[in-house]
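One chain, chain A, appears in both complexes that follow, with chain B as partner in the first and chain C in the second.
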Partner chain A sequence: MITTSPARIVEDHHGITEQPAIDVRGLSKRYGKLEAVRGITLEVRRGEIFGLIGPDGAGKTSTFQILAGVMEATSGSANIFGRAAREMRSQTGYLTQTFSLYPDLTVAENIRYSGNLRRIPPHEITERGLQYLQLFDMDRFADRLAGQLSGGMKQKLALVCALVPQPRVLLLDEPTTGVDPVSRREFWDVLAHLTEEGLTILLATPYLDEAERCHRIAFMYQGEILQIGTPTELCTSLGAKRIELRTADLRKAESMLSRETGPDKDIIDVQRFGDRLDLLVRDADKERKWLTEKLKGAGLSVDEMRVDEPTLENTFVARLRALGRKADTIEFPAKKDHSSLRGQVAVGAANLVKEFGTFTAVRNVSLQIRNGEVYGLLGANGAGKTTTIRMLCGLLDPTSGTMELGGTSGNLRSEAVRKRIGYMSQKFSLYDDLTIRENLDFFAGVYGVPEEEREEKIRWVLSFSGLQGKQDQITGSLPGGWKQRVAFGAAIMHEPDILFLDEPTSGVDPLARRAFWTMINRLADGGAAILVTTHYLEEAEQCNRLGMMVAGELVAEGTPSGIKSQQSGHLIEFIVDQPQRAADLLKSDTERWRVSLFGERLHLIAEQDPATAIQQTTKRLEENGLHVISAREGRFSLEDVFIAIVEQTRPQGKPVTQN
Partner chain B sequence: MRRIVAQARKELTQIVRDWRTLALALALPVALLLLLSVGLSLTVNELPLVVQDFDGSTASNGLIDAFRASITLHVVSWPVDKTAEEALASNAARAVLIIPSHFGRDMARGVNAPVQLMVDASDANTAKLVSGDASQITSAYNQRMAGGMQTGPVQAAIRLWFNPGLSSKKFYGPGIFVLALSMFPPLLAALAMAKEGEQKTILQVYVSSIPAHEFLLGKIIAFMAVALAECLVMSLLLFTYFGLSFAGDPTPVVIATILYAFCVAAFGTMIGAIIPNQAAALQAVAVGGFLLVFLLSGLIFPVENIPEGLRWISYIVWGRYYIEIVRDALLQGGGWPAVWFQVLIIGVIGAGFYGLAWHGMRKMQVKA
Partner chain C sequence: MRKLLQYLFNYRLRALIKKEFNQIRHDRRLAFSLIVPPILQLTLFGFALSAAVSNVRLGVVDDNRSPESRELIATFTESKSFRLAGYYSSVDQLGDAISQGNVDAGMVVPYDYARDLVRERQTTVQFLLNATNANTATISRAYAESMIQNYDNGLRSQGVSARIQRVTGSQLGLRGQVQLQPAFLYNPGLVDSWFIVTGVLGLLLILNSSLVASAAMVREREAGTIEQLLMSPASTSEIIIAKIAPLFLLLFLMMLVAFGVVKFAFGVPFQGSVLVLLCGGALCILSGISIGTVIATFSKSAGQAQLTSFFINPPLSALSGALNPIEAMPRWLQPLTVLNPIHHFATIVRGSTLKGSGFMNLAPNFLGLLIFTLVFVSLSIWRFRKQLS
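Moving on to the complex of A and B:
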């Protein structure tokens, strides 16, 4: 156990000692035999964004419910500003995973109801409600029913409801699941602002690129806290480096290097991305040489090799692996061979247009997906992704344009074509009131999995989902992440050679997500054509090719590195003494999207050359009494590029979210 | 107080927002009232009767005429070559009257002149009515034949009270009114409460410091309002289409109605609080609100007819007491002296439901 143990009385960054905002000591929660939380201890300072990360079932939600005062602890204490959490409910705002909004009430009614429950004077509810709605650019929608809002807007409304009573502590339990990257970035900007005003935030998220924006993080596993520290501390504590390797044949390189990989070997982990391999190694210099020789010896080119710090996701997965949690499952019992199809055009769409009444949901989308390829379709909510997928798999007829599926362009809904297609929709329809086994039997039957293969296939799905022995559990009782795994398994049981996955990993923890992608890559290696959508751009890097949609149009297409290299400008990372003030200042100078905060770090996308940009910005900040601790050129993340593309399209009059 | 109002207001907004719910709340009770009280009629008339006359005399024709004059029975023709049993088996007739030959001769001689009446007794109630009616007709016929001279020593002079026209509409109308009130408001209340659990919105309520009493009262008040609105709509119908009016002091029924609205709203809320699942809560309300009140409250069958083993259940069926109060107000007019106890009991049962709901919610915490 590696704990950077915090002092009982902590110093904030102004050097004043004060009481911790959240103080949890030896907290335990037991449900019958199951011990969900086992004696955790943590302190969160006033004005801090503190992240709680961990796999499904780590005890995060239980911790949140105890801190929100809606559940009793079995033992230990959970205090907020020195008093028991339950007594401090008037000072706490709690966002549940499902947002706890009333879908049949309007935005304004939801705000009023939650304000009234806390006895906020009516005029304050109206004033502050409006103020926050304006902040989120949602005041136009005050009379819309909450049930008709997009995921991102629901999340913002829930936040408004929680903020109107002016809480001192905000508890956010996976607030960004199902929320698109643009909304998510806005959300984080707001959070950063709020902490600057003194609000304390405790947040859980399964997405670790997002967790990097927290000031400090606690890594939770099986009800215990294993590690607490800043994202940088956590990443360096692993004592490893990350090597990005680009080579012509990723599949071959991966399978070769995997044999040399293990928690106690020199290469800790190998992860395959769309156009590169990420290796987690103990000694970067030694491994560089060794790798070059090894690959050359196998006749593989080394196109590029880069050393970088491990990401939080690397760290997380490596830690879990070291704890013996394996993402490996029994081998997929493949009965069909699609490898002869490799390279053929599986999905071919030309100039697809879909109009709903006067609204054009999709305009002139042309794309091709070949067998053996993983194609990622990205876009904000309402950009037309789901409509496009429905047209691509033949569920919806386009208004105009041509579609070809698996070599046929006639009847796309014929049984022969449908047999070759797999589709996992956003809210995959497993039957909640059937057991897992009954669901799998049903889908195996519907998809026409041959009788003699069924047993084996179902066994594989259970092993893939980590649910062996639990097959008679009622599906509805599973946490979302697990259901998603069963749904994914069910969608590929019949070994389709064209697979559509609409947000397959939403709410799935990193290790399971890794298993998803290993499987997706394996299916693609076997000759299947796969289309995936996701809101998480770190994950999108695992696709071979990406398409980005804005307002119904495909605005960018290419490999992950290709898209990143097309982005103009440079990314500069500053570390300053007052990051929020610095961000506000820079935002007032330039377009808002060019500036974003990641915990203590400030990212700026500048059009000038890096040296000039650093010089000018530093001068600007120093003139305003801000001290720059360090500045360097960083590399664009896919998310930076995506946001930039969306934001640059916005001024051209294209609505980003359709409501 | 403010939180109670906020809670009630939120519930009412949700009800009004969804037109289906609103229809369920207001239109269905009216439909139920019209359908059941018009369709549900236990007075029988125009029951088909087949007559096989093997005599064909003046006397036999006289007897048949007496049957023809009955409201309850309706003489239909039947081919002579078919047997009487066939008429019953094919449902062409509910009863068959067989007049043997020599009937006229025996009458004239003044000896016993038997006729046979075969009654389809698969429906026991109707069979009783038919045989009773038939014996009345024959004894009246006897008297007439005897010249109207001989009268029995005892003569009952019957006068029908409270519902002189024996209109079943007036009897069932109030009953169905009570049934509708016992069913729809608690159904809505239970669904609304279970939904909070299902959609996890209850967490938001728990996070605020609203006490269980205020939360429950707010909900109950909203569904009381629904119940009272239903009551108003249905009363209009009772006073117009059903031709009913207050028979005496209306205060007991007014107070009982408010208490009853509380009782049913608390019942639904309690079910929803205990069973946080809409489908299951719906069934629980269907059993409690509909089955019990329909079968064990004296709505159709008099409570006295319920077998003793089950009769005790009827003592806790809240609808039973309210039916007595409503019928008293609209038919008998006994006022407070007649129904004070029933009003009290409704209040007690309502408080019981509220107590149970509160017990389930008192911690305002996630059950674990």
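Moving on to the complex of A and C:
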């Protein structure tokens, strides 16, 4: 399926690529007083996907800009294939956080334009453009306007534009923000392919489940690199284990265990998910015993306790905590008590249908969200999530079906109902041209937060966003992650008992995301009904219940574990000597979605029992000269399940990513 | 009453209005572009569009050289309209000067001018015009006529009556039989700029208020914040009132400045009550804003909104009778001016400033503006919620 570009093959034979593709030594960047990058050193090998992770403001974007040759370093060197990054601009492709496409040009015109800029002969542009479009499964959309593409497709198009001039190094700064899981996996599959062809990729991402697909990772903090290694090395370097604990009363268990938690204690971290707690502990066996006793003593049942390796996210948060960055600051000044509402149906929808002309955006969606519950609505871009939310909160009238909101089914738009609702729309919930303070004043005013509480509430939002003392900054000048924090704060200042959050954590760093979820859980504990959408399924596990939408329909619903256990088949993890070749081979044998590559690890979803599947697949791989180093049954992640569900509906003729 | 006020200015509306003011405050260009360009345009249009001609260079052949003839010449040269370019000794010299373009007009006073006046006989003064620019020539002729008229009135005797006859270029050398005939005109220069300025005022108010309002409304949609706003407990009318109020204040300020320009730069007499003017202006601004808000609810982006207002505004101004007489429009179009806010405002301004008309006389126009505003504001409130689907 992939035609390797001739230029790269030649390089391979001459073997001139032993030197590192990217070589950064003692690199520093200073903006006035602020030192964004402080003497970082790293080497990226040719054909490697190298991830930069770190909280917002760690210096990742500055590093990218220097490597892309668009900014000068204050000191140190940044070389690409042995020459200064600035001189190698023609050999690097750079994808920024914001879309760099022309929305009024078609897909093909965008590609042609970016090729022409680099003086690529027209026939080569056409040829390669088509080749990459096919690779991304986008060749059907060549004549579509870029502005009409979904977020995922836009990012893929931006990548095609960056690839057409055949760069040797690709710099991707948070390329998947706002991209749905299906497109994201396709995007990563393509990246894996490209590196196999010899392309070197340096990438930053706030999503650590995604970062696990990198070959190596550098962990940046306050302009310095703290650690470099493979994802596994990073996870094990913590010397900790993760215990998944399932118990009936999560809230009680969490608050009890939190008291015993700290960077220097035996329990390093407690994180609450929708149906379990994740504990990061130093000694799993010792802690198991201790936990069982402790919980029994408090009258809590231990339904299940499982020991596993820590995830990259666990590691990241634990490291940041150890560095003294606290996730939460002052306590939310709650003045209302919604706990009496607990258990009532806050949002009830029956057979919602929405048609736009001949296009049915949402068909027959029925769902209920009760007070005290966090409900996650998942779906690919264009699956109808946003339309559904708009109907659920009364912004949009359904074509048919009935709606109940906060106990009323009459006028959903009445002032009384809307006062009880908090709403954070996708991306644009603040006024960019106002200062942070003015925005908060406005939201407090329009939602009628009593005058005497305002100051305290606003102070809380500022502290929650980590923006104390910056309240007079113009909101538009804030980076995306910070804006989201303010918007989230603004949406809950009036303590709604029904809360709609449409992709609240998009572009927010892991630590801040933890603070978001702590707050979401706290509001739910207080009796609020909360609906959240997200593209990041790792965080979706923190919901109590999930609904998955495909092509306007709700195709699966249940608790995170329930949905995972419903998934048929088994996930098998292989470690193979040539992962990409193995993945290509297996993809040609079975449906493409069953195979995906996570760095060095290959995931296969097989329908047979695990032993047979391992045996058969190993045989198949060995026959083709590939060596299997290890194989074991793994557990489905929510993302695996989601992609399987979406892909299984594809053959039924349902458009999956449609605008 | 107090309750109504409390309702009108509840905490939500206060928050909404404050937000709009803050946005305007951060957008310095808006305030600037609301005050400076309109005033410049008003001044420019008032002077440039005016048909007034001044400083026409006049060459004189005075064969009479009497006090009477000098008095006649002085009547011309002391007016704003004509400027003495020089005396010539013969008609031929004067003709040459005209054809070389040294003077625009020429006057020949015959040797028997004073004598004929004294004898109360009709006398003939020759007036030559360079008609290369037909417009200037026509206007100069009108000036000349009116000056003779004035001069004539000044004479106790009825001896002089003026008539103008057309002379072709080839006849220039001849002593033509040109008679000046009295014509009953005002001073055309002044009336002209008054007419233009009072008309342009309405154009500017409608144009600016519709543009500013549509921009402010559509910005919310373009930025995507409209969803957040619609989800808040604020009602649609509160949202729209909050949008309109600050803009109204700004535009009202602009209008006051514009009235100042009209009065002091153009000397338009303010015969009627200022209250009539201000009320008319306020209604005119509101109807302009309502046009803008309606446009905004139909547009997806600022670009679209602007193009739509460019589509609406020029015909609105061209067919308003503000710059050209309604009587010059096709008969079937004339009744449509009833729907045109610029027309109503122009009528109010002219009626009030020039004639001193009061509310009673202008009631139909006030009613027209009021109905227009109410219909358009309601339309935009109704459309506002539909924007999302």
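By definition in this document, the second predicted complex is superposed on the first by the 642 of 659 C-alpha atoms of A that agree within 3 Å, B and C clash if a C-alpha of one lies under 4 Å from a C-alpha of the other, contacts with A are read in each partner's own complex, and residues count from 1 in each chain.
By definition in this document, a residue touches a chain if its C-beta (ideal position, glycine included) is under 8 Å from a C-beta of that chain, and two chains touch if they have at least 3 such contacts.
What you see is a predicted model, and the numbers here were worked out from it, not measured in a lab.
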| item | value |
| --- | --- |
| Chain C versus chain B on the shared chain A, clash or fit after superposition | clash |
| Partner chain(s) touched by A:25 [first = chain B, second = chain C, both, neither] | neither |
| Which superposed partner A:161 touches (first chain B, second chain C, both, neither) | first |
| Which superposed partner A:415 touches (first chain B, second chain C, both, neither) | second |
| First (chain B), second (chain C), both or neither touched by A:581 | neither |
| Which superposed partner A:442 touches (first chain B, second chain C, both, neither) | second |
| First (chain B), second (chain C), both or neither touched by A:105 | first |
| Partner chain(s) touched by A:65 [first = chain B, second = chain C, both, neither] | first |
| Among 26-34, 62-70 or 170-178 on chain C, the segment whose C-alpha atoms clash with chain B after superposition | 62-70 |
| List of chain A residues in touch with chain C within their complex | 356, 390, 393, 395-397, 415, 418-419, 421, 423-435, 438, 441-448, 474 |
| Residues of chain B that touch chain A when the two form their complex | 2-3, 5-7, 9-10, 13-14, 17-18, 199-210, 363-366, 368 |
| Residue ranges of chain A in contact with chain B within the complex | 29, 31, 65, 68-72, 89-90, 92-94, 96, 98, 100-105, 109, 112-114, 116-119, 145, 161 |
| Footprint of chain A on chain C - complex, ascending | 11-12, 14-16, 18-19, 22-23, 26-27, 223-225, 227-228, 230-235, 388-389 |
